[in-house]
Amino acid sequence: MTARIGIIMGSDSDLPIMQEAAKILDQFEVSYELSIVSAHRTPEKMYDYATSARKRGIQVIIAGAGGAAHLPGMVAAMTELPVIGVPVQSKTMSGIDSLYSIVQMPPGVPVATVAINGARNAGILAAQIIGASDTKVADTVAAFKQSMKTEVLAKAEKVEDIGYVAYVAGMK
Amino acid sequence: MTARIGIIMGSDSDLPIMQEAAKILDQFEVSYELSIVSAHRTPEKMYDYATSARKRGIQVIIAGAGGAAHLPGMVAAMTELPVIGVPVQSKTMSGIDSLYSIVQMPPGVPVATVAINGARNAGILAAQIIGASDTKVADTVAAFKQSMKTEVLAKAEKVEDIGYVAYVAGMK
Amino acid sequence: MTARIGIIMGSDSDLPIMQEAAKILDQFEVSYELSIVSAHRTPEKMYDYATSARKRGIQVIIAGAGGAAHLPGMVAAMTELPVIGVPVQSKTMSGIDSLYSIVQMPPGVPVATVAINGARNAGILAAQIIGASDTKVADTVAAFKQSMKTEVLAKAEKVEDIGYVAYVAGMK
Amino acid sequence: MTARIGIIMGSDSDLPIMQEAAKILDQFEVSYELSIVSAHRTPEKMYDYATSARKRGIQVIIAGAGGAAHLPGMVAAMTELPVIGVPVQSKTMSGIDSLYSIVQMPPGVPVATVAINGARNAGILAAQIIGASDTKVADTVAAFKQSMKTEVLAKAEKVEDIGYVAYVAGMK
Amino acid sequence: MTARIGIIMGSDSDLPIMQEAAKILDQFEVSYELSIVSAHRTPEKMYDYATSARKRGIQVIIAGAGGAAHLPGMVAAMTELPVIGVPVQSKTMSGIDSLYSIVQMPPGVPVATVAINGARNAGILAAQIIGASDTKVADTVAAFKQSMKTEVLAKAEKVEDIGYVAYVAGMK
Amino acid sequence: MTARIGIIMGSDSDLPIMQEAAKILDQFEVSYELSIVSAHRTPEKMYDYATSARKRGIQVIIAGAGGAAHLPGMVAAMTELPVIGVPVQSKTMSGIDSLYSIVQMPPGVPVATVAINGARNAGILAAQIIGASDTKVADTVAAFKQSMKTEVLAKAEKVEDIGYVAYVAGMK
Amino acid sequence: MTARIGIIMGSDSDLPIMQEAAKILDQFEVSYELSIVSAHRTPEKMYDYATSARKRGIQVIIAGAGGAAHLPGMVAAMTELPVIGVPVQSKTMSGIDSLYSIVQMPPGVPVATVAINGARNAGILAAQIIGASDTKVADTVAAFKQSMKTEVLAKAEKVEDIGYVAYVAGMK
Amino acid sequence: MTARIGIIMGSDSDLPIMQEAAKILDQFEVSYELSIVSAHRTPEKMYDYATSARKRGIQVIIAGAGGAAHLPGMVAAMTELPVIGVPVQSKTMSGIDSLYSIVQMPPGVPVATVAINGARNAGILAAQIIGASDTKVADTVAAFKQSMKTEVLAKAEKVEDIGYVAYVAGMK
């Protein structure tokens, strides 16, 4: 099956965070490909990846990076596909540098930015974008939202039932 | 023509910024509707708007708000459509509060956040999302990117030609 | 006994922090109810909770949330009761995002914001609000403040007495 | 009529901001008194004000200050009444210093903090606190919220009607 | 011996940091007293402390506090003695809140602020202030500065001598 | 008369701010000298200034600088006199850079930091330091504090008297 | 004369700032070329520029950009020449976003970052880099530093001479 | 062999970070010297170091420091050599203070600033500066960049080959 979503990241050290995007897409049964593409160390690969993505059938790109995080914005510069940026938490600035480097794009070249370390949400957003014209995927997202609601309501019922002391004791 | 994109904002004071999203969609010939929906002052209207949007044919929602900007995230909570958030620059915190309130969404409910005051980019991103499955819109975005490139190259040629002193003099 | 104070939070992961509000109200013998209400995952429950609270006899609502923390502000949007917001410390931004999302409310819809992770103070503030027209509760708060004073004075006396070296040694 | 709310501020330079609290209370017909009490220049007056307020019939104190804003927290230290803090925007730090100095109170001594320059919201919150046990005031707040809603809905209808271009033109 | 320097802090939890001020004054043989004075929990003791300090022979006050750190500024408000403020690192904001609450004092009431957790430097600064008119203490400070220089020069010589690899290995 | 206080700044562009230190010392009748000493452009002059100050009778140094503000810390490194640092507001970072560069000094070399643009307070603090051992100057400071109190009390009385509407009208 | 330094910027709106780099190089008589190269709008031109620069005789590249400022880092990724980055002040974040996007580069790809809007310093730094192996240019920089010193000393002498009141009066 | 690069730092506690500059220069076979020079504790040594460096054959200086980090800027003030500044991560402010103290230098005295804790990049940048006029060193940097690219491409191939699940499992 051709991949509909491309997940890339600047370094394999981003993989423990970025795999959450893949996991939720596995759960949603939306096809994707995943690789490492560094804006700063493999600029030619980035160029090839970005300029060929639409032709290869990719509909959305998810790009994660940390620090001076240029990958999402540079990929967005070279494709007309929607690009989702995931600011990966950095060691010295808690990801504020990653966030600002990704979200503050100039007029003409948007990046759809999610929360710091928000790879799971990037996967969901990618499915929502696919779902904007694919009813089956939109329904999958709707069902997922319903399941989150059910889960929270069950927890609410439980804490109302047994009280916060027992609930907190049970969390340990 | 049914609107494909819904543009909403928390207050009419956001309109001078948010109109940029409408303007670029006008230019792209992508249909949209535009209104004021306040999370804090018209919560019922927000509920109705968010839960009915997909049924009414909307494919993407653009929501702009400032300060404790809850509109984009709350709308995202109540629809499976992709929601783009525009942090509007606030009076006392330069929009940092708006940005954090919009981008830092919890797992399960992403908002595709653009730059502070980035309404024009929100419009472009909405078109890219439509374009993920609509070749005509994708090609429009591609042509727009090409025109930006041409414009920058012309400016580059000019400054190389006449020198920075004359160029800066001509900017005034 | 009908609850006078409603304590809600966006996720059970907030409970280890938010239980401090319940604990101090237990100590003050002010009645409360506690549950989980997620702005983003159970928006209908939030709507029902906020719009019914006053009728059910609730006088003050305490709402805790982290990240893009919309619960306190959204509840405040839908009730005329005073709402106290507790910014819960987030993983990537130390709660700055939670604080700005809660405190920077627009004109017309205030949230009484306390410190990051300040759930204990939220409980005390709720009691003070009840105490604004309930002498017994106000006197309880006054007695609590007196006991804090006594405790600090005892510690001051001890460190003056035994010196800081012995005091610090005794802290371990 | 005895004042139910005390509005104080650290300097008369805070008055252009802080008067908004008085104005909304005038509109709500909730009695208040207003004066200048400086934590740093009139500490004795602050002590007298805080310790006598409850006895004089005050039910809520609103305190505004900027920079190293100690007035709200110090007053809260010396009364069992609920204290609302208004961080006034400072010249060099945009009020971030004021906000942190007011909201980050230690356990035991809460200050109900509103947005930077949020004096109007402080007045509304004070009314809500009074309203927690005074049905008439609570109903006034409810009516005020309703009027805000009506106003936003009218603006929404107008922009939907005449379009954003005409609406923005009409704003100038 | 009458104490020349008063060291106070808002809570005994500040003592592990604040004891560094006492230690360096012990080393400098400058007399001091040390106690706990909470602006928020023992405001009367703070008032008495600040207004009596000069009469009791105190020449400089060192005050440490964290979060909404009001102690240094409030003491400065009630004495003509120089007051040194130590921002103690807070749990949720790394001491930025403490720093802003202490340093951003309004015109007329300065606090001599040192670095976050800079209690040792507060002790040195107090000695320098005494030394401004006491040659013996000034000479002690000068000798201390000389000893720091000697220590750094020895380390520099060592790393130049054995190389950084051996030096780092020896640090473990 | 020999100067007791040295006021220096990194650039003549700091003079409109830094002159406030001189003005209050004029008012207090405490002698001072004032000059421009740039850490980065006249390092030798800075060295000479710092190392000779004590010998020349200077008791306190006030140093103001903006941006990467090294002057206060470098002077403090080369004298045993107390050094007061004034962070001058910078064009691009509102003085946050100046503040951090001045206050975050390493152990052993304190700078007594005042608020951003707090030159007036630097002058008052210098007088307080002189006053720690000079009763006449301490009494001058005490009288100054008293006059501030009187001024605030008069304003308080006026606003209580004529009401806030008339007071604000009179401010224009 | 072949250009030794390449000055590029992301947009002609950066030119009023970036021209300062050219002006100081004109003064130093170090040859340069200047153009507009946008990472996001002309990525192919950026690629060509960066990969050909060394071959064309360029020894240092100065790149200025604002917001999510990717130009300096992307150019640095594609050349072994030293790249100096100038964070241009942005409209909504005062250039903090520009600074973090430029300075926080990952291991392997440094950008020599100067202050926000520090284009003049970028020019001086480029000359210093040339001067590391070109005595004539190093001597020019040394002479320039000497002239700055002379200028500051003259101002210092003047203010010592005529006093701050006359000096400030003369600044207007 | 005469050292071409001088590596200095304010304290031996900076050595575990700063040694990365030495390691990469060892790898590049570019000669260097390394020592400890404290701006605040050994100002005379700093003066001697900075003013003699060029004469001794040093072509680039790398200076690392934390907190109120004055070493890079002060050295830059006293030499015409290019100075690279490394902001070392501080305990209480994550290195934001170090970064601002180093990068925000005034016009005339640039410091080439790298990322917080970016000592390895400082070494690479120093080599690039040498390489601006030394083909052999420039080629070494080019080869290093090529090896980084090869390494990333190998990791990319591996994750594409074995999938992210196996790859992440292998990282542990």
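As written, the chains take the letters A, B, C, D, E, F, G and H, and residue 1 is the first residue of each chain.
By our rule, contacts are C-beta pairs under 8 Å (C-beta built on N, C-alpha and C of every residue); 3 or more make two chains touch, one makes a residue touch a chain.
In this text the structure is predicted, and so the values were computed from the model without any measurement.
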Shared touch partners for chain B + chain C come out as A, D
The larger set of C-beta contacts, choosing between G-H and F-G, lies at G-H
By Cα centroid distance, the chain farthest from chain B is E
Specify the chain most distant from chain D by Cα centroid.
H
Separation of mean Cα positions, chain H and chain F [Å, integer]:
36
What's the distance between the Cα centroids of chain E and chain H, rounded to whole Å?
33
For the pair chain D and chain H, the C-alpha centroid-to-centroid distance in angstrom is 51
In chain C, residues with contacts to at least two other chains:
11, 41, 67-68, 92-94, 96, 103-106, 108-109, 111, 115-116, 145, 148
Which chains are in touch, pair by pair?
A-B, A-C, A-G, A-H, B-C, B-D, B-G, C-D, C-E, D-E, D-F, E-F, E-H, F-G, F-H, G-H
What residues on chain G touch chain A, complex-wise?
10-11, 39-41, 43, 47, 66-70, 73-74, 76-78, 90, 92-93, 96-97, 100-106, 108-109, 111
Complex contacts: residues of chain C adjacent to chain A
11-12, 15-16, 19, 22, 33-38, 41-42, 45, 67-68, 91-94
Residue ranges of chain E in contact with chain F within the complex
54, 59-60, 80-82, 84, 99, 103-116, 118, 120-122, 124-125, 128-134, 138-139, 141-142, 144-145, 148
Can you name the residues of chain H that touch chain A in the complex?
89, 94-96, 115-117, 145, 148-149, 151-153, 155-156, 159-160, 163-165, 167-168, 171
